[in-house]
Amino acid sequence: MEATNNDSMNRSNAGTTDYDVLVIGAGIAGEESALKLADMGFKVLLIEKEPSIGGKMILLSKVFPTLDCAACITTPKVSETARHPNITILTLAEAESIVKEENNLFSVTFKKHPRYVVENDCTGCQECETVCPMVVKDQFQFNLVARKAIYIPFNIANPRVALIDIENCTLCGACEQKCPSNCIDFTQKEELVNIKVKSVIVATGFKLFDPISIERYGYGRYKNVITSMQMERELAPTRPFNSVLRPSDGKVPDKIAYIFCTGSRDHTVGNPICSQVCCMYSTKQAQLLMGALPMADISLYYINIRAFGKGFNEFYMQAKDMGANYVKGKIGSISEKENGNLILRYEDIVTGKVTEKEHDLVVLSVGLLANHEITKVFKNEKLELDALKYIKQPDLLQSPATTSIKGVFVAGTATSPMDIPDTIMSAGAAASETSGYLNQWS
Amino acid sequence: MTKKKIGVYVCHCGGNISDYVDIEKVKEAVKDEANVYLLKNTLFACSDSSQKEMVADIQTNELDAIVVASCSPKLHVPTFRGVAQRAGMNPYNYVQVNIREQGSWAHSDNPKGATEKAILLVKAGIARAAESEALTSSKIPAANVVAVIGAGVGGMRSAIALADMGTEVYLIEKEKNVGGHVANFGSLFTTDKMGYELSANLLSEVKKRENIKLFTNAEIVEKKGSIGNFDIQVKVDNDVLPLHVGAFVVNTGFDSYQPQQGEYGFGEQTNVITLPEFKKLIDNSSERLIFNGKAIKKVAYIYCVGSRQNDEGDNKYCSRYCCTAAIHASVQVNKKFKDVTNLHFNRGIRTYGKQELLYEESSKNGDIYLQFSLDSIPEITQKGGKTFVKVKDILSAGKEVETEADLVVLVTGMVPRENSKLASQLKIPVGRDNFFNEIHMKLRPVETVIDGVLIAGTCQSPKNILETMNSSMAAAAKINSVLTKGEMTLDPTLAKINPSQCTWCGKCAEACPFDAIIQTEFDGRIVAKINEANCKGCGMCTPVCPTDAIDLAGFTNAQIEGMIDALAE
Amino acid sequence: MATINPEFGKELKKYGAFDFNACYNCGTCTSVCSLSTEENSFPREMVRCSAVGDEDAIKESLKPWLCYYCGECTTSCPREAKPGELMMSLRRYLTAAYDWTGLSGLLYKSLPVSIIAFISVAIGVIWYSASQQFEVEKIMHIGHYFEMFAIAGVFAVILLPNLIRMWYFVILKPKVKVPFKSYITSLGELFVHMFTQKRSLGCDDNQVRWFEHFILVIGYLSLLFTTVFLDWFSATNLLVIILGYVESAIIFIVTVDFVSGRIKKNKEVSKNSQPSDWFFVIWLLLMGLTAFLVRLFIDLKILEYNFWMYLFHWIVLAQWALLIVPFGKWTHFLYRSFAMYMEKLKA
Amino acid sequence: MEKKIRTVNILKETRKVSEHVNEERKKYIQIRKTLREALKEESKSIPQLAVDTNLPLPDVTYYLMTLLKFGEVAVDGIDDMDEYYFYKLIK
Amino acid sequence: MASNGQPKILVFSTEKISDPALDLAGLLKKHYPFTIYTISVPCSSCIKPRWIMRAFDKGFSGVFIAADGTDCSYGESCGEKTSQVVTTTHQLMRDKGLKPSQLKMAAICSVCAEPVVKHLTGFMKELEKMQS
């Protein structure tokens, strides 16, 4: 017995835990893990640093290879999660420190950022938005349009309540005056909350590659070079424009190019691996574009097509049959013409010749990068990363959801790039592993 | 129609509704509707104070049903069902009317119209409430026992995961030995583990757990029942064992594609072998790579054999694991033997994700990659006792290149295992690619349309070991979450059959995607009956009944037609 | 039809190539190269031929000479396959392939052989000077003749036959039909490129490199002219004397910059120096420096007491003329310009 | 209804609004006004608006689409080439 | 018939997919005629022809089925079965002298606010034409 320990105060309430599981990140992996564990009867706390749960998937247009509408698939899961009696969700919450105690409990401190809107009182009527005088680039539309300083993140956000972007707020108070349910509260402050949990699931997802670092592609300089995520928004039913338009002048594009492997399989940007989803999402977007703009030519410049999953190769062949023009060869550089059109220079591998083609809209199929900031949160035991900065899976084939810390599990793209079905499976595996661990506990 | 006491609440939603819809007019219009016992308006129906008021109203007035006209049901049906429950009223006697999203907001350009519409919508809600029935969720006992079919690495992993979560497992393997294909594998890619080690580790974990019973040489011969309560007969060696299980996890794995006679010289030339054969050769050779007494210096790998076939072949799909497996084999060759050159005749390398690093490693080792398309596949010829492989190389601008090869390795894909007996016993649907089909790739990737029958691993689609493990554990988590309480609550929104009207034509059973309609006897006649454990409440069976003997709870003829009548006013 | 030859890649590595097998054929290198055109797309094609081992295609190709190594392909290569360095190695390989004596290959591939060759030449010069009792006047006179005959001899015996071999590989063997008139009309191309390296201006990196290279070539050629034909070391004409000083100063100043670049490795072109590259720049530097000092010693009238200075100069000169010019990197001066000439012939 | 305390005044005591925010607000108000003004008479396409307002094309696209999102303008057909949509002012 | 003489449309929407699309239309203030009324059911393939006929009997000019299409969580056969319902009902409508065009069906995704409004306003225009 270590009776002489002077933190006996903490120890005395060590038996009382607030939750069985803390799930960090409420994208589809976090939601799925949380739901499965909650269904098994465990108490789950799900924290999310964004104002809405749903991760990246909720922002997508449709999903490959079934072309289901992404919102139709995520929103039921999102509301199921939000409604589950065993799940507590905190948005705008970020883990600050996680310390594993001797009794195997994790002492978790997280920061709850103020929303400046009382979450339970807001009815989502958007009256505040109409009176707010300040606009900011809308990060949920990937900067294609603006939003107000007080805003509901997006239409299908959950919780569908407003928040104030205080950095960009003019403190005019118009929203407060207008709000019919009196839910705006500028006195909210950042809070630090400390809880104890028995286990942790890291489901922090991935970061999107920022193509600004590839100067040859001119992203950020050329208006009509956009990322695939921006195209994803343009194709979504809750899109920023009234149709698929190019950002330089609102023209309906008719020669669209996709540049595969932007930020993937590329040592020069420090990411040598394949992002696993770009070939297919680009193929999907090509199919959607051919539907939306029947007259448009779509060219997809690729190195290898990674159409490996169930139904993927068939989906790729279908896109080809529909008329998508797949060109083997990576784009070397892009230059802009006066009218906003872009000249793409590449080697056509089939002929072995340098070729130049003009397009009026270029989509960069950006890759996925590891999102490893979470490791800083673990204070006394190290959450190890692999060589590619993804969360290390020490027992990859036998127990893929375990990490270097006992009691901490990992789900989804925090371990490696993967598509939605693989993410759901990985999250299921994490739930299974966590449940087994918690059963041993008692 | 029985007389009911209905409470009606019309919500202002701050001004969201009342700015466009004239609440007073609505109240005025519906106050004389039959069954309306109490009629109120409220600023925020969902607020705590309003909810308390409703509970009190229900209790003091002994209301039979309530109607709240406010926002979309998606938001607050659970809220007000909770109110009903707290007040001691059946939650299914609650009706929500959407006069915001489909009322005030949709018609904010036309307040008069919005009001007119709101009146009819509320009337329809009242009509529906009047016909509403108290429904109770029934509970059925469910055995927290799962039969895992197939004791490959995936099946064993499912079993271990289930056992650790407290589910009892019968692990049923057709063969004498466990571990499937992997038990015979040497080095596995992206780890330093050996296949036989992985399989042995899993087996020892299986044996450690008392709540796993492993049957080898075993097969299911009979199956009855539904989720939570299946009765099966398992033939083990020569005995037949009756078992009671709550669900199945089918993890029956794959077969390696067997090339046809003459496909790339297979079966005709002795030095044309398949990748699994080649892997064994690597494992069994030391120092020098010897095949048929001859030292191997050049190995030609031909990719996509049995995968990504054109219209003449059956397998249109990509087998997912083979590019990496072949490259991994070539890297092993380079590690183990000196001076062997690997030549990869591929159709575009698909080392997705982190597996790309293996491709890079092999390239840096000096492996040569040549790419062809399906309309010009590599030619394998024999000249003077030597084997030559010739191809039009896409990467060399279509130039024809040729090499001598000591050994030709056909990189064969995965095909679904012949399992039609099991598939028909468990009614597992099969997809276009002949693999077992999940109900929804993203929402429910390990479930089939048959409740209680889950699929995992490569019987669903080609997968590598990591992916197989993930899906095996995901299936375990899913089914454990259903069975763990020992009982299952069934949603009361189910189809109901009126046996006196039923003449059993079988059309409903045909329409049901969930195998939820069974035969039973009623008054000496065969009639249809809903197996409530399987019914999902979609109602697909209802319109096909020629005698209109089926109704969906909550959506009965009386309710829907009551609403139609009210809306038509 | 080409036969795949994995051994060729291994051979190339002896010429300094490495990692080019990592190429996954995306074509980025070709498309970022500002000299690459639809008619002449490189370097990926060369990388591919090297990987597959298509030796004939490489010997037949002029593309290695069309590259001026700005390094853009290497810095942009997503697989770090160093296509620029491969092109450099192919130039070394081709130099050896054109050389009928086979000595180029030997010197490129083996540093010990190179060192022995350099020492042998030095010993020969010293031995000869010793046999002449280190008499300044006499030896300088002979040195002057040596210079003249070395140039003529190397050109006639080594370089000319090698150029003919190059022509054989590029034009004759692949049966390219060239009308005789073209041989004459295209000559302009040859001289323009020989004296200006105009093509390298097309490189994206900068004009400074071209300018440095340009004045180095001009400096070198004119110093050659000044020493051989104007007999700088014996000259009395002030103009000639000053001209020589300026030229030799230019050479060593520019080469100091080149050498320090190779030491600092700040540009792609100078990151992977092979012995042959070092010999080339250092010997150029030494030539400029020693020539300058020799003339300075003459003007200060101290050469007589410092004969070692001339001896040193002569050793450097002899090594340059007998090793680097016929078998070393110097030849790129000829092959590049003839490549442009033959390119014109083929067109 | 009773007017409750304006909490914004409490925050105002401790927080300053940055110059940048004020500028952005002014810019938006100005551009919004300009665009609305330009659309008063008839529907216009983005290139037409850019000419009429002297604003850069990408800015017109960005702000006009923002107004579309906020329901201040609506689509009013497309040109003969099917290239540019026309937008009209609502109300 | 509504007070203003406008035709009335009954919409059958599905709880999980197409009804949210109508909600979203409202949220986005995408307007459509107010004489369009919705009854939401679990799946479009559970709509009984007799309900549709009842609606016509009672004075609705048109019925619109906002079907799930391939997104349906009850399986792929939904679309096919819903079409079957429509075919059966068309027969019944012909018997009663109704035009088949008075019953429409389209697959609507859960965020297809714009398409559904387009469908409904278009349908309304057709019905108005039919009336006049």
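Per-chain numbering from 1; labels A, B, C, D and E assigned in written order.
Here, contacts are C-beta pairs under 8 Å (C-beta built on N, C-alpha and C of every residue); 3 or more make two chains touch, one makes a residue touch a chain.
These numbers come from a predicted model, not from an experiment.
A.B. asks: Among all the other chains, which ones are in touch with both subunit C and subunit E?
C.D. replies: Common contact partners of subunit C and subunit E, which must touch each of the two, are A, B.
A.B. asks: Ranking chain pairs by how many C-beta pairs touch, which one is first?
C.D. replies: A-B
A.B. asks: Whose C-alpha centre lies nearest the centre of all protein C-alpha atoms?
C.D. replies: Checking distances from each chain centre to the full centroid gives A.
A.B. asks: Determine the centre-to-centre distance between subunit C and subunit D, using the mean Cα coordinates as centres, and give it in whole Å.
C.D. replies: Each chain's C-alpha centroid was found; their separation is 64 Å.
A.B. asks: Determine the centre-to-centre distance between subunit B and subunit C, using the mean Cα coordinates as centres, and give it in whole Å.
C.D. replies: The mean C-alpha positions of subunit B and subunit C differ by 67 Å.
A.B. asks: Measuring centre to centre with CA averages, how many angstrom lie between subunit D and subunit E?
C.D. replies: 36
A.B. asks: Return the distance between the CA-based centres of subunit B and subunit D, expressed in whole Å.
C.D. replies: Each chain's C-alpha centroid was found; their separation is 46 Å.
A.B. asks: Residues of subunit A that contact two or more other chains, please.
C.D. replies: Answer for subunit A, listing residues that touch two or more other chains: 66, 68, 73, 76, 265, 304, 349, 352.
A.B. asks: Touching two or more other chains, which residues of subunit E qualify?
C.D. replies: Residues 20, 24, 27-29, 73.
A.B. asks: By residue number and range, which residues of subunit B touch two or more other chains?
C.D. replies: Answer for subunit B, listing residues that touch two or more other chains: 74, 349, 360, 395-397, 440, 443.
A.B. asks: Quick one: which chain pairs are touching?
C.D. replies: The list of touching pairs comes to A-B, A-C, A-D, A-E, B-C, B-E.
A.B. asks: Once bound in the complex, which stretches of subunit A touch subunit D?
C.D. replies: So the residues of subunit A touching subunit D come out as 129-130, 133-136, 144-146, 166-173, 176-177, 182, 184-187, 223, 240-243, 245, 247-252, 295, 340.
A.B. asks: Give the list of subunit A residues in touch with subunit B in this complex.
C.D. replies: 36-37, 39-41, 63, 66, 68, 73, 76-77, 79, 83, 123, 125, 127, 180-181, 265, 272-276, 304-314, 317, 328, 349-352, 388, 390, 396-398, 400-401, 416-418, 420-422, 424-429, 431-433, 435-436, 439-440
A.B. asks: Could you please specify the touching residues of subunit A with respect to subunit C in the complex?
C.D. replies: Those residues of subunit A that touch subunit C are 216, 261, 265-268, 303-304, 329-333, 345-349, 352-355.
A.B. asks: Could you pull out which subunit C residues touch subunit A in their complex?
C.D. replies: Interface residues on subunit C, with respect to subunit A: 24-33, 36-38, 41, 44-45, 75-80.
A.B. asks: Quick one: which bits of subunit E touch subunit A in the complex? Just the residue numbers, please.
C.D. replies: 16-17, 20, 24, 27-28, 70-71, 73, 109-115
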